[in-house]
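You will see two complexes here that share chain A, one where it goes with chain B and one where it goes with chain C.
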Partner chain A sequence: MATTMITTLDRSSRAAARGLSDISIRNLFIIPTVLFLIVFNIFPLIYSLGYSFTDFRASTNAPANFVGLQNYRDLLNDPYVWANFAITAKYVIISVAGQLLVGFGVAMLLNRDIPLKGLITTLLLLPMMLSMAVVGLFWKLLYDPSWGVINYALGLGNFEWLADPKMALYAVALTDIWMWSPFVMLLSLAGLSAVPKHLYEAAAIDRAGPFYTFFRITLPLVAPILMIAVIFRTMEAFKTFDLAYILTSQPTAELISIRLYKMAFQEWQTGRSCAMAYIVLIMVLAITNIYVKYLNKVKER
Partner chain B sequence: MRKLVTSMLAGIGLTLACGTSVYAQEKSLTIFWAEWDPANYLQELGNEYEKETGVKITVETTPWADFQTKTFTEFNAHGDAYDLVVGDSQWLGAGSTGGHYVDLTDFFKKHDLSNVMAPATVKYYAEYPGNSGKYWAIPLEGDAVGWAYRKDWFEDPKEKEAFKAKYGYELDVPKDFKALRDIAEFFYRPDQKRYGIAIYTDNSYDAMAMGFENALFSYGGELGDYATYKVDGHINSDKAVAALDAYKELYKFTPPGWAKTFFVEDNQAITENLAAMSMNFFAFFPSLINEASNPNAKNTGFFANPAGPHGDQFAALGGQGISVVSYSQKQDEAMKFLEWFIKDSTQKRWAELGGYTCSQAVLKSAEFQNATPYNKAFYETMFKVKDFWAVPEYAELLQQLNQRIYPYMIGGSGTAKETLDALAADWNATFKKYGRVQ
Partner chain C sequence: MAAVRTSSEVAFNRVAIVAVLVVTIIFLAPIYWIASTAFKPRNLATTIPPTVVFQPEISPFVKLFTKRSQLRTPPTPEEYAAAPWWERVVFDGGEKIVRDGKGEVQWSGYPNRFMNSLIIAITSTVLAVGMGTFTAYGFSRFKVKGEADLLFFILSTRMLPPVVVAIPMFLMYRAVGLNDSHIGLIILYTAFNLSFSVWLMKGFMDEIPKEYEEAALVDGYTRMEAFFKIVLPEAATGIAATAVFCFITAWNEYAFALIMTNRRAQTAPPFIPSQVGSGLPDWTVIAAGTFLFLLPVAIFTFLLRNHLLRGMSFGAIRK
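On to the complex of A and B.
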């Protein structure tokens, strides 16, 4: 019993009349995409791997010398780079956890019959439709100690959100949470509305309390979709650049991507920045893999 | 139907018209610069060149933040989008050794530009390596860091009296860094939402370095020996340590949240009544005497960077020279433009339009010095300026400086001596990496 991988061509169709076989149609669709991927993704990826073993600088005409693992050694021995990684990890945890909490919470609130539900949901989605750079510029004004709305509203006087080395990273994370919680909310809403109503009815008949219902029915059923939100947001948070770059220049809030940008396009240390990009790539892949494994496990349940 | 035919004809006509006009202006030059007022003045100057010669000049601009990145991306790709570039002084090393700039030594000698332009501008905007007699750019926009201050605050009799009672001398434009500090402290009144001083603190490019250099050079310190690349004993000398402490001291008297500030914020400090004094490049002062952009225009005065405790008086250099891009297809045309640009009459016109000429003759003329409230301070400054390293790896040196000094300045970690010792070690390692020192 053979399983067909692709739907066979309808014999009476125009394509068949022109003598196109299944295979040639498949190729027609796939080859341009594969070519595009190779030229713009795979080739630069491999090419930059080559560069990461050289001392190449794009700003000079000097030839690139092979230096072996020197770039990787230097980078992994650089305390500043380690600091950047630690900062990034902290940022990812705060920001993703915050988004999950706020996003899921709001979704729970919205997952009932309330008037103007559609309008409220749409309005709540607005932040994530803005450009990151614009959000950064707006929040810089909001955080401003002299004329910012936030200090005014909270009565914090001249509290320096972005100039305080300890606060700067939290301020960036807060902005990110504001911007991306709606994304988690949207996914959670989809998940919540897919939970079969009869489970809740059964729970109600069994006189299960609200906490029990939440932890035994709602959460396990929404978990897979929440995991997807976590994967997306972690990957995005890991490579956050524009928001943090615009908001603050505190070394305590220098994320790995900002470091990478400076190395590649201000200092023009092309070889070394390629090595750095690879280190980041490997880390993101590893983290994502852990999540995907976990996601599969959750789905099996 | 008729409407359709008419509009189609009009469309074809328009296309043809555009086509022919492009054809007629075959001779054109593109100059690349950062997006700021001087670039608009240069465009106006270019329009006059077009009237004279028929060669169209287009000044293309991009915001400061990605000026360096965009230029070098174009250079690295060997692109010919720009015929001339008005590049930052620190780029000379990368531009010349990278083969991006055309060698202008012969042009320089032919027109005796070393004597026509102010000496500091020749040294820092045009020559690389130092004292080599090789020139890569024509000084175009002179610039340095100066100061703006609130004349009305300084001249208020009550303030004058209170200041004298507290410090024992007259409140006036500061002559040295001690007075600068005292005045900053005097006007620092958070309860009145008034602060003492606005300085550069942004560590994303060269802003904080420029601010620190103002103190360093006036304190008699040096970044290092530009001929031998020796940094130990220079950047961490006692004078340099004292200078860093002096600059950090000023940070205490800045408005709140003053941790990522450059020219925009420092001008705002004056326009928004935040600070008594504000550091900025001269190129940003025109908007401070314009009542449309500064409500305090009438009450804004200017002074040159004050002297240090040992009487040295220098300022950090900004400004740019114009270079011919070696990938340009129109280098001959570009050279013709430069010949026109260095003429005395053009330089005079350039200054009138608002450009900061580097021509000695124009700078020294009374007409120039009296044209604006800050021209005199500019003239005084341009003969005592010093600049950052101009080697191709300057950006790495800059990053290391930011990395070391910022946490000390803003975060208050470590001591000035520790900070500068660490910086000396970083710089030494970088120079070793590029084979400049053993």
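On to the complex of A and C.
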């Protein structure tokens, strides 16, 4: 990889004549980072690719036996794994849709002259900066059926949030919506403030209604930035581990990352978990690819 | 919009302001609840109706930092009088502070985990931002073949789910004895933050006009001198913002810490939930631990407020 990066620069430049040449500086600056990432991110993945074709168990000293594609076949034929994927998909849809609605809604409300707007915006952004694991833990108290503040505030009596198999996933998604709506709001605000004012003035002169203005002016212009927010949150929600792991142990809320964690570090099915990790990895890379395309698109504007 | 202001628009504006206030209160309520529970006496932490007005106490923090055991018999008046104030608040809660044979107070696991968090987050931040700044300059100023692919490769390493990376890293660390070590977590967090730092710093570097260095090169500076004396000072704000983001990410990280550490190098995020355990947890102590842990991040968020958009979008949206 290192050699492909070298392109010829002007060797006769003034800078090249003194000290290090531009090429050496460029290589000196870039190659260590690339090497570091290869050693600590890519090499481990190659290592685990090897294990994904074996029946290796890290809890025993038994040598790993090559089993070919058996792990992948088993996983893709396992209805429980498919259930985990279905739960994850449901979770992603609920939580990203919730964040989009709340985040964009609040941004629409905030997009006007409001006293202390800067301070309010910063305060609203606070949840997303905090540790999901640590704050998530505290939501256990908020959700508590007997003395949780949420049940008291909503007058729900002893409503079970986390202990009810039907409710647990929604409760996790609700906490996630609380944490990450601010992210959608932040990006939406940037998009909204970039809509040229004269478009609204023109619409007002034409006596366009608020719905027409929203769907024909606001939404199309904010859409690219909203798209970034949605793709990024989709990817993050797909990977969710901390929040769901801390909040509940309901099988109905067992996201794919949690299944993977259990397979690898509780059941010690190392070989199989490596195969599972690869299935997840390919999905994440696909979303990342779309995400980067959108990032670059917005950058170019 | 301001040109024609109908009365219905003014009314709508008022409604919107009220709605914003309501939303702000709802969003901050959980954080307020953590902060207030951290100063409550234990018996007021879980009451129905919830206790909002109370006499704040420092006892949750004393309990957070010390090992305690249940009092079998209440302390004698002499014992109570001889005890320092921080021991009295523990007596009041029906517990006593555990001391070793020499009478030294036994610390809880918390201060140690908090220090681990600090050491690991700061070191990995310095490494990630340091390397990231150089690399970003390289990408910003020089032609690199396959630049888009390399940058995608760099970003994609951050997008990997932690558990996916943790499985092979766990095996490799076990083989070389890096499990439950500070260095092990520092390497992981550096790798995780490095990609972010390159992307964000590249945005900041792109904003520094090339002419600055070119003028310096004409004046006889070498490229290195120009980088250190001209570019770095110009990039100071960007470096600071990137560092704060990296620090927060490493500080908050849970999955790697859960898998890779268990005691010696354990950070606060896996430690705090492990305190809940079985039985009725003392939520005031958990809230106190959470409060102290969240405080630096809250302060940093306030300092970062003008850079949040940029940081959260990997430098793509600058405003």
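Everything that follows uses one rule, which is that the second predicted complex is superposed on the first by the 267 of 301 C-alpha atoms of A that agree within 3 Å, B and C clash if a C-alpha of one lies under 4 Å from a C-alpha of the other, contacts with A are read in each partner's own complex, and residues count from 1 in each chain.
Here is the rule we use: a residue touches a chain if its C-beta (ideal position, glycine included) is under 8 Å from a C-beta of that chain, and two chains touch if they have at least 3 such contacts.
Note that the coordinates shown come from a computational prediction; the quantities given were computed from them, not determined experimentally.
Novice: Return the chain, chain B or chain C, that is in touch with more residues of chain A.
Specialist: Of chain B and chain C, C contacts more residues of chain A.
Novice: After lining up the shared chain so the two structures overlap, which partner does A:S146 touch, if you call chain B first and chain C second: first, second, both or neither?
Specialist: Once the two structures are laid over each other on A, A:S146 reaches both partners.
Novice: Given the touch rule stated above, what does A:W82 touch, chain B (first), chain C (second), both, or neither?
Specialist: A:W82 contacts neither chain B nor chain C.
Novice: Does the superposition put A:P44 against chain B (first), chain C (second), both, or neither?
Specialist: Second partner only, chain C.
Novice: Which partner chains sit in contact with A:T60 here, chain B, chain C, both or neither? Use first/second/both/neither.
Specialist: first
Novice: Go through the superposed model and pick first if A:L125 touches only chain B, second if only chain C, both, or neither.
Specialist: second
Novice: On chain A, what residues does chain B touch that chain C touches as well?
Specialist: 58, 144, 146, 265
Novice: Residues of chain B touching chain A in their complex?
Specialist: Chain B residues touching chain A: 68-69, 72-73, 75-76, 94, 97-99, 190, 193, 202-205, 255-260, 272, 274, 392-393, 395-396, 398-399, 403, 406-407, 410-411.
Novice: Taking the touch rule as given, give the residues of chain A at its contact with chain B in the complex, in rising order.
Specialist: 57-61, 80, 143-146, 158, 160-163, 165, 245, 248-252, 262, 265-269
Novice: What does chain A use to touch chain C in their complex?
Specialist: Contacts found on chain A: 4-7, 9, 14-15, 18-20, 22-23, 25-26, 28-30, 32-34, 36-37, 40-42, 44-45, 47-48, 51, 58, 106, 109-110, 112-115, 118, 120-135, 137-142, 144, 146-147, 149, 152, 178, 181-183, 186-187, 189-190, 193, 197, 200-201, 204, 225, 228, 235, 239, 241-242, 246, 257, 260-261, 264-265, 270, 273-274, 277, 280-281, 284-285, 287-289, 291-292, 295-296, 298-299.
Novice: Spell out the part of chain C that touches chain A in their complex, as residue ranges.
Specialist: Interface residues on the chain C side: 1, 3-4, 13, 16-17, 19-20, 23-24, 27-31, 33-34, 37, 46-50, 131-132, 134-135, 137-139, 141-146, 148, 150, 152-157, 159-172, 174, 187-188, 190-191, 194-195, 198, 217-218, 220, 222-227, 248, 251-252, 254-255, 259, 268-270, 272-273, 276, 283, 286-287, 290, 293-294, 297-298, 300-302, 305, 308-309, 312-314, 316-317, 319.
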